[in-house]
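Both complexes shown next keep chain A, but they swap its partner, so chain B is in the first and chain C is in the second.
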Partner chain A sequence: MVEETPWQQALRYANRANPYPFYEELRKTPVARQPDGTYVVSTYREIVTLLHDPRVSSDPRKRPAPAAAQAEGSEEQAAEPIREVLTEPNIITCDPPEHDRDRRMMMPHFVGPPHAPHLISDLEPDIRRIVDGLLDGMKGKNRIDAVDDFAYPLPVTVICKVLGVPMEDEPRFHHWVETALDALDFGPEAASEEIRSRRAGGRQAVQEFARFADALLDRYARQPGPGMLSAMANDNGPEGRMPKGVLASNALLLIFAGHETTVNLIAHSVLTLLRHPDALEKLRRRPELIVPAVEELLRFESSVQFWHTRSAVEDIDIAGTTIPAGAPIFLVYGSANRDPERFTDPDRLDLERRDNEHLGFSQGIHFCFGAPLARLEVQIAVGEFVRRVRNPRLVEDPPPYRHNQIFRGPRHVLVDIDGIRD
Partner chain B sequence: MTLRATVAELVREFRASGRIVIVGASLAGLRAAETLRGEGFTGSLTIIGDEPYEPYDRPPLSKQVLKGWVPADHTKLPRMREVDADWRLGVAAVGLDRVTKRVRLADGEEVPYDRLLIATGTRARQWPNPDEAALEGVHTIRSRDDAARLQKEFSESPSRVVVIGAGFIGSEVASVCRELDIPVTVVERGSAPLVGALGGVIGGIAARLQRDHGVDLRCGLGVSSLEGDSGGHVRRACLSDGTVVDADVVVASLGSIRNVEWLEGSGLAAGFWGVGCDAGGRAFDINGVVTDSVFVAGDVARAPHVLYEYQFLAMEHWDNAVFGAEVTAHNMVNLEPHYRPHLLLPGFWSGQFGVNIKSVGVPPFGDEIVFTQGSVEDRRFAAAYGRRGRIVAAVTFDHGKWLEYYARLIERSGPFPPPPSGWDQPADTEPMPAEFPDPRVPTAIPDVVLTGHAPSERTAEFRPRRH
Partner chain C sequence: MRIVVDLNRCQGYAQCVYLAHEVFRLNGQEALTYEPNPDDERRLRVERAAAACPVQAIMIDRLDGAEGSTTS
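Let's turn to the complex of A and B:
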């Protein structure tokens, strides 16, 4: 039996709650070739360099399937359910000029400037109302689940409103997303019976999700309605309308990424603050620290631990290694954000950390599209949680984690509380 | 007491009770003051500025303010921390005596210092004919008041604006005119807009950009005179080819002049090119000897740059003001070996005609250019500048997210042309001449002569050039 690489160990479910010791080991080889030919990059400097290198493609269609990909249980196979169903790229999985054009067409309907600079900030009252409602709902309880009762409902409600997805469809797409995420595995466990058996279900879930998005877009094309999806389906902008397949692919991305990552950030923020009573107390005393605090919490527990669709178009020399043309490149943001070469005392939570240019939203042209919305949601949610929840105590540490490695987050965070302040 | 302990004691005492004077109350002056306090300087701090306003941000003046989006008085710079300074605003510094260590103010007062920071920046070059420059409707733009006055004119729907000079400011002003649907004629002596900063190849693209937006662009021409009506308001510009353009607003965007006149007689290496200093912001005297108590930062500073063959560069850019001020301020309250160098890769941005133009490095240092990413036709692209096989600068049109890549290449003296992009390659990827104009012979440099005979007496001296 060949010994597992630090990367493979980091991916094991048993290490989901704490992959950091394996990342530390991984960083000893900043650009580490894996047995399947993937190059895993774990250090801040190298990741930033590759994020800005125009010889790196984000489009998995452009990378030749490595020989290892034919083998059972490889990552290529694992990613298959999504790739098979989504033939059209979305903005994360394509390169310029397609990427630039599509993002340009999406931008005015989301963050708005210069045409509607207040699109995001105008959501603040709605977000506050939702957060208030969720916290009010905890009155009279002694124990809450910070995921199901708090972290999940907020982002999903907000994204439905922003995109124009009917809230009554939430249980359906929630199920599809969960099923698809549980079937995705990049580690040694991808070959396990359990994961393999989930794969067909994952494929079907993505198919149903795609049909759902298609139908929604069709409906909006016939009868315009509120939200970004309808606006895009009826766009008469200077660059025309996005082809339907591309629009559907991006719609899926927006629905999914528009809440999943935010759920994990809110859940991790609550968990992390409960693990650091000093930080929690400081935030309670100085609520204005919520802005840098959210950045630090995102650095500390990144919602997107790594990204897997990149590859080298040409040979790239980096950190004493050559990534050969065609090789898949995994950028491990979760490790870069704990890189001591970049962040002083990186395993320490410091809500007032200076020069905190973390990679929690990535960098370069694929910088998180939803970052402004995510920041606003999490600042309000975590700020209000800290202000209103009396004496929160963690019931279980570590809490149970969800299976997915990229979108890493706790399945539940049970918290005992003494009540809710007004 | 060891020597090291003595030095440490000196630094400690200076930080506790030294006297620092900053001349110049704009971006560099403010950031320097904040850094001084952040470094633990608790002595007296005086900030002198000739404008009556607290430090404000200049880049929006030729963009958002002119457009009328943001009032000119809403440009105050955010404060990073308390500076607890004695602000002398609205009174210019008019002289420096390095022997008695005093700054002389326009109101006759003298302010003593132990260490001095010169951050006086630049001002707009005025239209050279003073009578014509005094006509109503003739403007320059550098200050908040300039912007407010010009914005007012723009809001009154002028029949036509003439912009003299198509550098960045002139081009931005023309862009605002078009956005406000004001007819505008741009007269540029060079072959194209932006040609001095970015060369003729990019200048050609900028020219098409202007014309596509309805600018009446006249290159290779000068303005011979401005004519007013009997009420003293400008009415037309006469061009060097004999044509006449009717206009009721004229904007002279002729570049900047460094504010060094007040240093005349101070014995510093100050001239039209700025104030020479080392990479740590310590000013040189006229002999090229570094001083211990006078520092320089911002637009007026001119220091040798390691990446550009140690040539002296003045970087009139926003981030140079910030980072240069921070480094220099640190050095003002430290001694060897705690000095830090200011090793910024120059960079700037501009917004015009709906395009975000950004640059890193020093484009005019290059003699070749190659398009590396995107589409020139769509005006979304990146291009690199090279000299002798190495990359020295890059420019992007609506492609700013890629600048960091080129910045890293420039910092490492990467190859020119750089390795091709993996996708979105331009139609033409062959390097070509960048077409920078020959450096113009400066017309107003005083001669510097050496005087004295014995080595101990030798010294440099400015002598105005004889005509």
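Let's turn to the complex of A and C:
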């Protein structure tokens, strides 16, 4: 049996709770070619360089399907359910000039008009109300699940309001997203019987999710309603209206990315602080530290560990290697954020870390669209959790993790508590 | 309070604008302008904006250049 590369080991489910020792090994070769022809980039400097390199495309349609795609269980095969359903590009899977135009058209509907982009700040009272309600709901309990009872309900409620997705549809799209993610595996286990058996279900879930978004957009096109999706479906701005397929693809991205990543960040924040009692106590004493603390948590446990749709449009020489034209490129943000060449003592949690230019939201033109909303949600949620929950203790460490490697996060974080302060 | 933005570092991500649009403003696609002496009551928003800058170009109350800080 051929020995697995550090990257393949990092992707194994058994290492989901702690991929960092494998990332450390991986960084010894900053740009590492994998057996399937993918180039995995793990160091901060090289990742930032490639994030700003126009020879790197984010559009999977621009890369030839590698020979490995024929092989059962390869990454290509695993990613196929989403690729075959999402035939239209969204802003994370397209390049300039389409990318720039589409993102420019979407942005005002999210943040507000250019002269007064107030929509995110305006959400603060709503976010506080939701967080208050979730914490009030824990009164009288002595054990909570920081995922199901806290990290999940906040972002999903907020994104439904922002986008105009009816809350009563939440159980359906929650199920579709979970099913699709559980079927998406980029590592050696993609070939396993278990993952292969999930693939048909994953494909069907994405199809149903896409039909749901289509129907919602159709309804808003006939009868405008609240939220960003309706505004986009009826856009009469200077750049016109997005074609329906592109709009639907972006709607799926917004619903999915608009909560999934924030759930993981809140869950990881609670988990990380409970593992670091000194940091937790410091934050309790100095609540204003929540602002830099969330930046450190974004660095420490990044919600998007890597991204998989990029490829080289021409040969790229970097770090003593040539990435050949057409080769897939994975940029491992989770590793860059622990790179000792960039961050002093990177495995130490330092809520007051200076010069914290982390890649938790990436950089360059694909910098996280939802970052300002995510920051606000997590600052309020984690800040209030720390302030109000009495004597929280982890029940299980490490907690069980979700299957997918990109959107890495705990499935549950059970916490014993002594009560909730007012 | 007093703020300085290093406009050589600024790449127009506009994260500060979305968090404190009374203080930071983007003209056109990339040219940032800002109020260098915002009211103290805006401190929390300005601190959030500074922390959110992907290239850490916003400095708060850094008068002598000796001690860099975006948080205190």
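One rule holds in what follows: the second predicted complex is superposed on the first by the 419 of 422 C-alpha atoms of A that agree within 3 Å, B and C clash if a C-alpha of one lies under 4 Å from a C-alpha of the other, contacts with A are read in each partner's own complex, and residues count from 1 in each chain.
Going forward, a residue touches a chain if its C-beta (ideal position, glycine included) is under 8 Å from a C-beta of that chain, and two chains touch if they have at least 3 such contacts.
On a predicted model such as this, the values are computed, not experimentally measured, just so you know.
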| item | value |
| --- | --- |
| When both partners are placed on the shared chain, which of chain B and chain C touches more of chain A | C |
| Contacts of A:218 with chain B and chain C, given as first, second, both or neither | neither |
| Chain B versus chain C as contact partner of A:96, first or second or both or neither | first |
| Which of chain B and chain C A:314 touches, first, second, both or neither | first |
| Partner chain in contact with A:55 - chain B first, chain C second, else both or neither | first |
| Partner chain(s) touched by A:396 [first = chain B, second = chain C, both, neither] | neither |
| Contacts of A:120 with chain B and chain C, given as first, second, both or neither | second |
| Which superposed partner A:375 touches (first chain B, second chain C, both, neither) | second |
| Chain B/chain C common contact set on chain A | 363, 367 |
| Chain C partner contacts - residues on chain A that touch it in the complex | 111-112, 114-118, 120-121, 288-289, 291-292, 294-295, 352, 354-357, 361, 363, 367, 371-372, 375-376, 379 |
| Contact footprint of chain A on chain C as seen in their complex | 13-15, 17-21, 25-26, 44-45, 47-48, 51-52, 54-56, 68-71 |
| Chain A residues touching chain B - in the complex, by the definition given at the top | 48-49, 52-57, 59, 62, 95-97, 100, 312-314, 363-365, 367 |
| Complex interface listing, chain B residues touching chain A | 372-375, 380, 401-402, 404-405, 408, 419-424 |
